[in-house]
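Scroll down for the structure; my scribbles are underneath it.
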Amino acid sequence: MIKKQIEKTFDKLWPLCRSITGDGYQASLDILSKINSFKKIHFKSGTKVFDWVIPQEWNIKNAYIKYKGQKIIDFKKNNLHVIGYSSAIKKKLTFKDLKNNIFFLKNSPNAVPYLTSYYKKTWGFCLSFNQYKKLKKKGIYDVLIDSSFKKGKLTIGEDIIKGKSSKEIMFSSYLCHPSMANNELSGPLVLTYLASEFKRKFKNPRFTYRFVILPETIGSISYLSKYGKVLKNKLIAGFQLSCIGDKSHYTFKTSRRENTLADKAGINLMNDQKNTNIIKFDPAIGSDERQYCSPGFDLPFASFSRSIYTKYSEYHTSLDNKSIMSFEKMERTVNDLLNLVFNIENNHYYNNKYNKGEPFLSKRNLFRTLSKKERDLDEISIWWILNYSDGKHDLFDISKKSGLKMISLIRTAKILQKSKLITQLK
Amino acid sequence: MIKKQIEKTFDKLWPLCRSITGDGYQASLDILSKINSFKKIHFKSGTKVFDWVIPQEWNIKNAYIKYKGQKIIDFKKNNLHVIGYSSAIKKKLTFKDLKNNIFFLKNSPNAVPYLTSYYKKTWGFCLSFNQYKKLKKKGIYDVLIDSSFKKGKLTIGEDIIKGKSSKEIMFSSYLCHPSMANNELSGPLVLTYLASEFKRKFKNPRFTYRFVILPETIGSISYLSKYGKVLKNKLIAGFQLSCIGDKSHYTFKTSRRENTLADKAGINLMNDQKNTNIIKFDPAIGSDERQYCSPGFDLPFASFSRSIYTKYSEYHTSLDNKSIMSFEKMERTVNDLLNLVFNIENNHYYNNKYNKGEPFLSKRNLFRTLSKKERDLDEISIWWILNYSDGKHDLFDISKKSGLKMISLIRTAKILQKSKLITQLK
Amino acid sequence: MIKKQIEKTFDKLWPLCRSITGDGYQASLDILSKINSFKKIHFKSGTKVFDWVIPQEWNIKNAYIKYKGQKIIDFKKNNLHVIGYSSAIKKKLTFKDLKNNIFFLKNSPNAVPYLTSYYKKTWGFCLSFNQYKKLKKKGIYDVLIDSSFKKGKLTIGEDIIKGKSSKEIMFSSYLCHPSMANNELSGPLVLTYLASEFKRKFKNPRFTYRFVILPETIGSISYLSKYGKVLKNKLIAGFQLSCIGDKSHYTFKTSRRENTLADKAGINLMNDQKNTNIIKFDPAIGSDERQYCSPGFDLPFASFSRSIYTKYSEYHTSLDNKSIMSFEKMERTVNDLLNLVFNIENNHYYNNKYNKGEPFLSKRNLFRTLSKKERDLDEISIWWILNYSDGKHDLFDISKKSGLKMISLIRTAKILQKSKLITQLK
């Protein structure tokens, strides 16, 4: 029952003010590293990463709006109140002057919106529309943002588990959002518990596994600038985790190529679910898979979500909080992804040794001796695997053609291999 | 507002007795040439064109059926009354003798049918069934068809506008039908006004444009006998215009190859419409695209129609007249085809210069500085174009994948090119 | 009216106790050979065929269960009562001892199930559940199975009709089931009458035809062990006939490759029917096509059925008897398959001699001289064939594209060939 641990970790992470750099991000990564140890990879401010430059590190201690000596907006109560990467300010302002730096959502009057301005210096406050309406038009406001910029670093957490093969499977998520739940404490939480459970359950894996937590966009671009070539050579399936913590069913987004191992494994997992939504790669609306699937890399990177970014009403506001989360579903997601890993670990192409006619199963005790009207599932699996062990169909392909589950095909393939009826291809 | 001009030209063309050769055809082409100048290309009677021979030129001055001295059927009132290419006759006939050369439609009693006999000498009258029923069975009929055959010519109107590239876009329609409206004054009218508007709007086009008006079948075969090789080498998109003047929505017919630039551009235009009907190339029922798409040429020729041949009740009868036309829709068609031309002119394959990860848009002022919940359309276009600027997808492909309109993609691609983020491929 | 002959032959075959070897099988093949002469090919017991070994020959003279001197279960009344390949037994048994060797279907209380145990020595009786319920639990049962095993032979009936080409069309069915009707007297009956009618109607066929009757699985594996290489080289279309005698509509199962000539011809035939069910090759549930389509051969073998194995309630029980058969439909099947053969015999790829524009049909009397609103079917066929006589589309492809029937395309193609407009490709 890891759902209680996930919830506990969620509660620890929640109040921290994360951004693409800074203390909140570092503290958050440290909390996750206690569950699964991530190596920190640093990129210094000013470093060129492809077309981008690592920005200065941003930190914030305090921020508020006071009216007549009373804090009416307090960053310490909700870190969404300050635009990410806001410059410092300490000033007395009239309502008229303050107004230009205040943001709210008229259509969602209780929600504090989430805004950032990473690459252009500005400052500002985000309020709910209800808070905004209460502001008096007369009098003077005391405004403070106690933030600072410095030459610092951008940090990526990485955990690589070597397998027998140098071929790699990768999971990626991002940790740069302040206090929001589905988008995006869910992704790094699922990824971290997945990494931890993976190590418990897969002691000597076939493939090499790469678990990566980073700040969105600039983080994955930095990572690619360093490891893109390696990934281009070795990655056979990558999965972006984002918005994967609420109560909804899964949304699976294919890779740009649509037919990679990541797509086959992901769609296979979706076919085991009752309700799912399978959508195609979209370079405009998405997360780090947009970088992984940029045409110069075009990595086999698919994405798992539940209520996906831009498609749920609480998205990018203070309403995306614990109340919409399901820690039970997050545990289930960890388990489903462990199954996905199990399927990938056990997916092979085979050759049928007796490929002219069916082999004689009875003498190998692979066939009921007494003919019956009903075929049992294992027999059906045997025939599907034998017929498609032609070096051109892997178990995912056979699962798709036959409708049989991977678990059943994997079990049967092992029996057939033991019986020397099929041989695994490299 | 060209619809009024189109209507005026329609009214001038309407009464002329066109056929695949002869004075009516020539006069009609002359009327159209006043709107857009077409060069006349002549093929002499007797000339071999592939498997065919250019027939003699047919002309007709007068024709009637008189009964008791009264004209009861008069070619001058409706030129459909005489079968096209009828031989001359001047005779007194009993009803019994006359009957064998009279044609009508029992199921459409008010309609005079449209019949021709280009390649077998005969004569005949077409009547409405109601006219036929009034014929007396006793007495003598005076029958006159004052027609003549001579060694003459078949004429094709052609207007070529040279572009920067020798690659060609072609529009074709036919002018051989006598007084019928949708099929087929609409095609040559739309084509002529399209050519004229094209020249006004595209001063220095990228591609070479070829506008062709000819008699159906024998005309396109003649044209191919002379220019087929050129077209095979240079044509990248051709469009047949036929039955394109009534009030109905568009019917788009693909080329034989189904996936040419003509198909991509045509289907893209259809996707911008509310109601459309997309059908596949059909070698049995169609117009000159049957010749252009004959397997020895297999040109990229698609077709635009509204209520298409054989599929509307007035087809090939006197009921296909001005009352079923919409000059407003014809104007809209001209404009839609100008848009199609615009899209083709501006369609390119691009390479993304920063194809590893996304380029840093902010420093180029291509990205909102303040993150918001909503993406605006131009940003979405930017990402789609960047990701698919891989040398393998043109803007039509990106439009299909993204659902974004060409107008938006073209505008964005120009901005990206100016910002040196993408480069146009040849 | 061959349906009466089919019924007569059915009645003769019905009582014989067939199995994969033995006198009942031989006698059945002899009965069929009187309708169409099949050459017998023998495989001796003990012969290795790929991974299998030909089993001993099994024969049975008598079998019963007696209680208090009365036969309560009698093999002579229904040969399904004895498990196929049962060992001999003559014993007095208590109900308790007998019970372990008795099989019935609780859910179908009137049905005697069909069971075999070819490859593991055992004995047993099959009863209806109603018969089983009447057995007394006290007292002694006299049990007799007078069966025997010997070094004998497995026999395949084969009839090859040489054609002008060495390319082959094959039909296959199996004769190893005892008294059951749809599965499987229907297959060998349809095949035998098809072979006989084929010879009457196709005197000098284009292709070589191979009609084969064998015991299921071991029979086709034996056949492949001898002729698999030949078939791999020469077979262009094979058809398995199984469960093809009841009142239902057709089920067509594609070959493993899904797009062979067998598939094109079969699906074409299905498209001429009102109701049909087209399913894909399934290596787990099927008949000898599983062997023919094993990956080492992957022959172009499709299957025709009506109510297909495992999908009708009477399957593999005594309820699969004459009452569910339709001899009229079996006759229709023979005729439909003769049409399929006719279509294959007359299917060709053509080249259009005048492939640049349409040829001038009028001078060859291939076109109505007077234009009309309606196209007639032959004209439509002419245009479809001309346009797709490009060496890449055979008549089956043209039929699929156009929706025109093969009969019409074949007739038209012959006319066009006679008119020297198209030439047949080899």
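Which chain is which? They are A, B and C, in the order written, and residues in each are numbered from 1.
Rule of thumb we're sticking to: contacts are C-beta pairs under 8 Å (C-beta built on N, C-alpha and C of every residue); 3 or more make two chains touch, one makes a residue touch a chain.
On a predicted model such as this, the values are computed, not experimentally measured, just so you know.
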item	value
Type of chain A:chain B copy interface by residue overlap (half), same or different	different
Rotation in the CA alignment of chain A with chain C, degrees, nearest 5	120
Chain centre separation in whole Å, for chain B relative to chain A (CA means)	54
Junction residues of chain C, two or more chains touched	none
Complex interface listing, chain A residues touching chain B	49-53, 83-84, 105, 113-120, 122, 124, 217, 220-221, 224-225, 228, 256, 282-285, 290-291, 293-298, 310, 315-317
Chain C residues within the chain B interface of the complex	352, 354-360, 362-363, 369-373, 375, 379-380, 382-384, 386-390, 402
